[in-house]
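In the two complexes below, chain A is the common chain; its partner is chain B in one and chain C in the other.
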Partner chain A sequence: MKKKKPFAAVEPYLWLLPSILLMTVFILFPIFEVFRTSMSEVSKAGLIKGFCGLDNFTKVLRGSTFKLVLHNTIVWTVAVVVISTVFGFILALVLNNKFRCRKAVRAIVVFPWATSLIIQAGVWKFIIDKDYGALNTLLMKIGLISSPVNWTPTPQAYFAWEIFVGIFVTVPFVTFCVLSGLQSIDNSYYEAATVDGANYWQKLFKITLPLVKSSLTVSTVLNIIYVFNSFPIIWTITKGDPASRTDTLVTYLYKLAFYKGKSGEAAAVSVIGFLILCLCASIYMVVSLRKEEE
Partner chain B sequence: MNNHTRGTKHVILRVLLYLFVILVVLVTLYPYFVMFTTAAKSRAEIYSTDGTLLPIHWLWQNFKDIWTLAPLSRYFINSLIVAGGSTLIAIICGIPAAYALARMKFKGKKIFLGIVIISQMFAPVVLLVGIYKIMSTFGMTDSLVGLVFINAAFNQAFAIWLLRGTFISISPEMEQAATVDGCGKVSALIRILLPVAAPGIVTALIFVFINAWNEYTVALTLISTDVLKPLTVGITIFNGYNMVEWQYLFASSLFATVPVIILFVLIEKHLVGGLTSGGVKG
Partner chain C sequence: MKRKLALAMVLAMTASMAQPVLAADSKTTLDVIISQYGTQTQAWWSQFEKDFEAENPDVDLNIEIVSWNDLYTKVNTLVANNNAPDILNIDVLADYVADDLLMPATEYASEDLQSKFFPAFWDASTIDDTVYALPILASCRALFYNKDILDEAGASVPTTWAEIQETAQKIKDKFGDDVYPWGIDMTTDEGQAAFSYYTWNNGGGFVDENGDWALNSEKNVEALNFAVGLVNDGYTNSDPANETRYDLQDMFGASKVAMMIGPNNIPTYLSDGGYDINYDVTTIPANEGCESVAMGVCDRLEVFKDDSAEDQDARTAAITKFFDFFYDDERYADYMVYEGFLPTTQTAADLLAKDDDTFASWIDILQSCNFYPATKTEWADVKQGVIEVEQNALLGDDVQTLLDDLQADIAG
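Moving on, here comes the complex of A and B:
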């Protein structure tokens, strides 16, 4: 038995080894590379010429484009996450009721989550087209409009549609996270509250909301990360054009790296994006820790 | 009287509920309806100023033509290789890790779990510059093997999270009894835990498969040879320079979408339970 002890000490790490190797090579190394590239002078062909300190960062931050792109990214992330969370929550409350075809409805609601973003974005690009789009056809056939409407007269209008598509694909995830939280609530809470004469809203805010809070937190945190880093929707519908008016950080850095041959600056944008996410994560940690202390 | 008004209120609420549900279902299905009907139209009909809701003539031929107009079957096989390969690797690496995290006590366990969560913050798209560099050094920039490993790695966190949640929910007593009987940990895991955990494992399998199947950005960046493209990148071949062949784009999109939706509907019930419960238990 005694001989086995040194093995027992390292054993758990052996179990973790394949996973650690996989993530080290394909996630950790690229992270390291991005940080290194962000502080290097890079040739157009992508070769690192030498250390250049924070030059790439100052180059990126100096331009007015970055401010615009950062602003877009914040609008995009906040709008998509907040609206999806509110609507997804309401939808979960509704779907938690008993009604006919509930199973089928829940299966249908999950569709947008299961569809590739690139395909979903492609369809919506077609739907909102001003010349031959499906939305104009539909509205004209049911008589709501008499001539085609230009749904995307300005870059902002395009951006609003992109936000709509973002919400469309994000809602199912929120809904199903909340639904799983709702199903774990014991019905006796509600029965007791009804006996005490509580109305619907009181039950919602005093019982339901506190009990699904952890599910909502999981979905919100994950969604902030996913939406912030989301690429295919904007790439398909506008490619960030015109003149970065609809760019977010990820589409901007993609163009810097693979269209303009500025890997150094692209890496700097990556690092800035990562720092912003870290900041959000730590704010979230501080707030949730403080709440626990109360 | 009181009873009567309560009854009316109940009826109104039910009607509102149904209206809301119907509206949500219609809006959700709308893009799929557009995809399907447009896929069966002729190009002239799509681009005509007098738009139609349903095709004048259902051109089922479009669904056949796409297989000869583009190397669609190659794209299909490539997607299968990427999704299947990365699922296999993600699960083979993920099961032992999840097992250790669920059943063993060791130093650095919390740190490892923390790193797993933080790794989620780095979406592949943010790391593309780095991924491209690493792949160049391995000579895997234009290869399916490269895509397999990247997808496996970026789904590792989710796989571990789901599997660990499943393992924790299963009592360790049976494995302990088996170990006492002289059965090693590995065989206890394979013979006893894995069969019981099968539903959770299948959920993780399908989830990783779908993620890899739907992945677009990394494939777009790494793959330049046409016959190596997976479906998500390949179908954009119909997105031409001058004119988009919407009917072909949507017909092939449907072939790429339907199998995944079926898989997703199958696991939907297990998936979210696993996502949220895995996190709560220490």
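Moving on, here comes the complex of A and C:
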């Protein structure tokens, strides 16, 4: 047997070294730092004063705001992910048909996703503004309303608009994930089903849905993570105001860290969010992949 | 061969990720963070840097202009990583002093410079009898009103709270939904200012006569109820929890808001924005029987300690030079005019008052202004706390209960 050269044994690790270093610096180290900060007493100026166990977690969980914010985060994530998945799926089905200007329409659908979130949120904030908003101006010009309507009279209305903007920017991503799945389905399945007398809905639920499931799983897991952690939309439109009624965990922890100087508690909120996300994403992955195997 | 080449490239990439080691330099380098006061702040400081370095070749200035939106995030991150700037321009102070991060001002401000400041401003950064910062500039808040709107509505300029309601009602009767009579800002950005305008002008405030927190005083409850009442009666802009002072200034410029309390640089803001309205300025209305109190805002220049500096004396000397150069009467007065703020030195104020009467009257008002209790360590919590109280009150919660809870939270 030919003896392996020592160089050959270490070579693969040398090739991996840059990636491992990058991952350590940009992923593992920040995660470690957040965990360390969450268990440290941090001064308002930002200096770590020592280990404090789970004090930061207790302080955060005891506050009444945290429950409100967690509730908002769940509503925000579920609403945006579920509704954009449904709409994205429908849109993908439409775009999978052959029609004129299909390429142009597909390009237009990408726009909301390709534009910066801050710009999107800023534009929507302007559109729904009571005094100068484009929506009121438009409706008044065409005579549907006579005086400006306040589209955001309550915090709930603001939150609903934010969810709408969240959906608007998330739909394209789902559409393109599903579309890539749809294009890989062989047409012969549908032809065989048609010969057997299957109707549209039967084909949709028995052929299309099972075959795009892996694409849907990927888009849903990624969306849960993106939307749960999304900061720009809410920050640009309301900054989580009034009185945290539209805060999610991410905007809340930002305020804790940079407006109240409570970096330790902010890190604790971050860790809680991280754990919730890990749990949700793993459950979803395990359940959907297991079903797929079955 | 290709393999070896590729391997060499991988190693080179890895090596390039290591921090480069900088060659030692005999010059003293000062990192300075200046907050952005206007669109042209960068230009003024670039020129300053050039002029300063030409006159002081042994000092290398590294000036960075940071917007107020990013300032706290940036400074907090720098401090947490033991990488604080040498000189920082900001409003907060107590948190850095609590961590013993700042140098006392007497260590770097020359005696000549110390004697230039108005005593009130020099004392404004005192904690435990030590002054920790130099006042960079001040601004003063007063009531701005649109003369044309008030004239057309047949309303007079309000001097009391009752008159605010009277004038607002007349404007509402005349203009309906087209004009908001009174501008109010209770946002996360600056809601603490609204708290000051109303509580100070009702004989209340953040602290009592002993300097202890007195957030839930009877006067404060009455004042906040009055302010929220203005909103509920429809006299104000529709969304006080989200419309910032800048939104109000734009609405004031567009004749959409008739009256608002704002800083003395509103004229600069309006002319820069191309607004052309007929307006005037007067004192902030107070409740019956109370004296009108103006609000002053004073930003600071602070010097961080740097234990890693090799030559402490050279560093301190460079900092002294920096301040002497900046507070040179002509140059400092020029910066105040440039940004539309009020000077904190008597000498620059005299210089400006010579050419411009409005400066003189603003500087007079400034002497009687109240300031935020920013030297108290709980200030950051109080500031955010009163904003939350205001926003909850806007949603219908009881002001007394909210302030009681805040007081208990802050003072224990």
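Rule of thumb we're sticking to: the second predicted complex is superposed on the first by the 281 of 294 C-alpha atoms of A that agree within 3 Å, B and C clash if a C-alpha of one lies under 4 Å from a C-alpha of the other, contacts with A are read in each partner's own complex, and residues count from 1 in each chain.
Operating definition for what follows: a residue touches a chain if its C-beta (ideal position, glycine included) is under 8 Å from a C-beta of that chain, and two chains touch if they have at least 3 such contacts.
Please read these numbers as outputs of a predicted model, since none were measured by experiment.
J.: Scan A:Gln120 for contacts with chain B and chain C and give back first, second, both or neither.
T.: first
J.: Which partner reaches more residues of chain A, chain B or chain C?
T.: In the superposed model, B touches more residues of chain A.
J.: Which of the two partners, first being chain B and second being chain C, lies in contact with A:Val105: first, second, both, or neither?
T.: first
J.: Quick one: classify A:Asp186 as touching chain B (first), chain C (second), both or neither.
T.: A:Asp186 contacts neither chain B nor chain C.
J.: What is the contact status of A:Pro242 with respect to chain B (first) and chain C (second): first, second, both, or neither?
T.: second
J.: What is the contact status of A:Leu253 with respect to chain B (first) and chain C (second): first, second, both, or neither?
T.: In the superposition, A:Leu253 touches chain B alone.
J.: Which holds for A:Val34: it touches chain B only (first), chain C only (second), both, or neither?
T.: The first partner, chain B, only.
J.: When the two structures are overlaid on chain A, which partner does A:Trp15 contact: first (chain B), second (chain C), both, or neither?
T.: A:Trp15: touches chain B and chain C.
J.: Using the superposition described at the top, list the residues of chain A that contact chain B and also contact chain C.
T.: In chain A, residues 11, 15, 17-18, 21, 25, 46, 131, 257-258, 263 are touched by chain B and also by chain C.
J.: Going by the contact rule at the top, pick out the chain B residues touching chain A in the complex.
T.: Interface residues on chain B, with respect to chain A: 14, 17-18, 20-21, 24-25, 28-32, 34-35, 38, 46-49, 51-53, 89, 92-94, 96-97, 99-101, 104-106, 109, 112, 119-123, 125-134, 149-150, 152-154, 156-157, 160, 210, 213-214, 216-217, 221, 232, 235-236, 239, 244, 246, 249-250, 253, 256-257, 260-261, 263-265, 268, 271-273, 275-277, 279-280.
J.: Within the complex, which stretch of chain A touches chain B?
T.: That would be residues 11-13, 15-23, 25-27, 29-34, 37, 46, 91, 94-95, 97, 99, 105-120, 122-124, 126-127, 131-132, 134, 136-138, 140-141, 176-177, 179-181, 214-215, 218, 222, 225-226, 229, 231-232, 235, 250, 253-254, 257-258, 263, 266-267, 270, 273-274, 277-278, 281 of chain A.
J.: If we count contacts the way the header does, which residues on chain C are in touch with chain A in the complex?
T.: Per the stated touch rule, the residues are 7, 10-11, 13-14, 17, 72-73, 76-77, 79-80, 95-96, 98-99, 101, 177, 187-189, 238-239, 241-242, 251, 256, 377, 380-381, 384, 388, 391-392, 394-395.
J.: Provide the residue numbers of chain A that touch chain C in the complex, in ascending order.
T.: It comes out as residues 11, 14-15, 17-18, 21, 25, 42-48, 130-131, 147-148, 150, 152, 155, 158, 238-245, 255, 257-261, 263.
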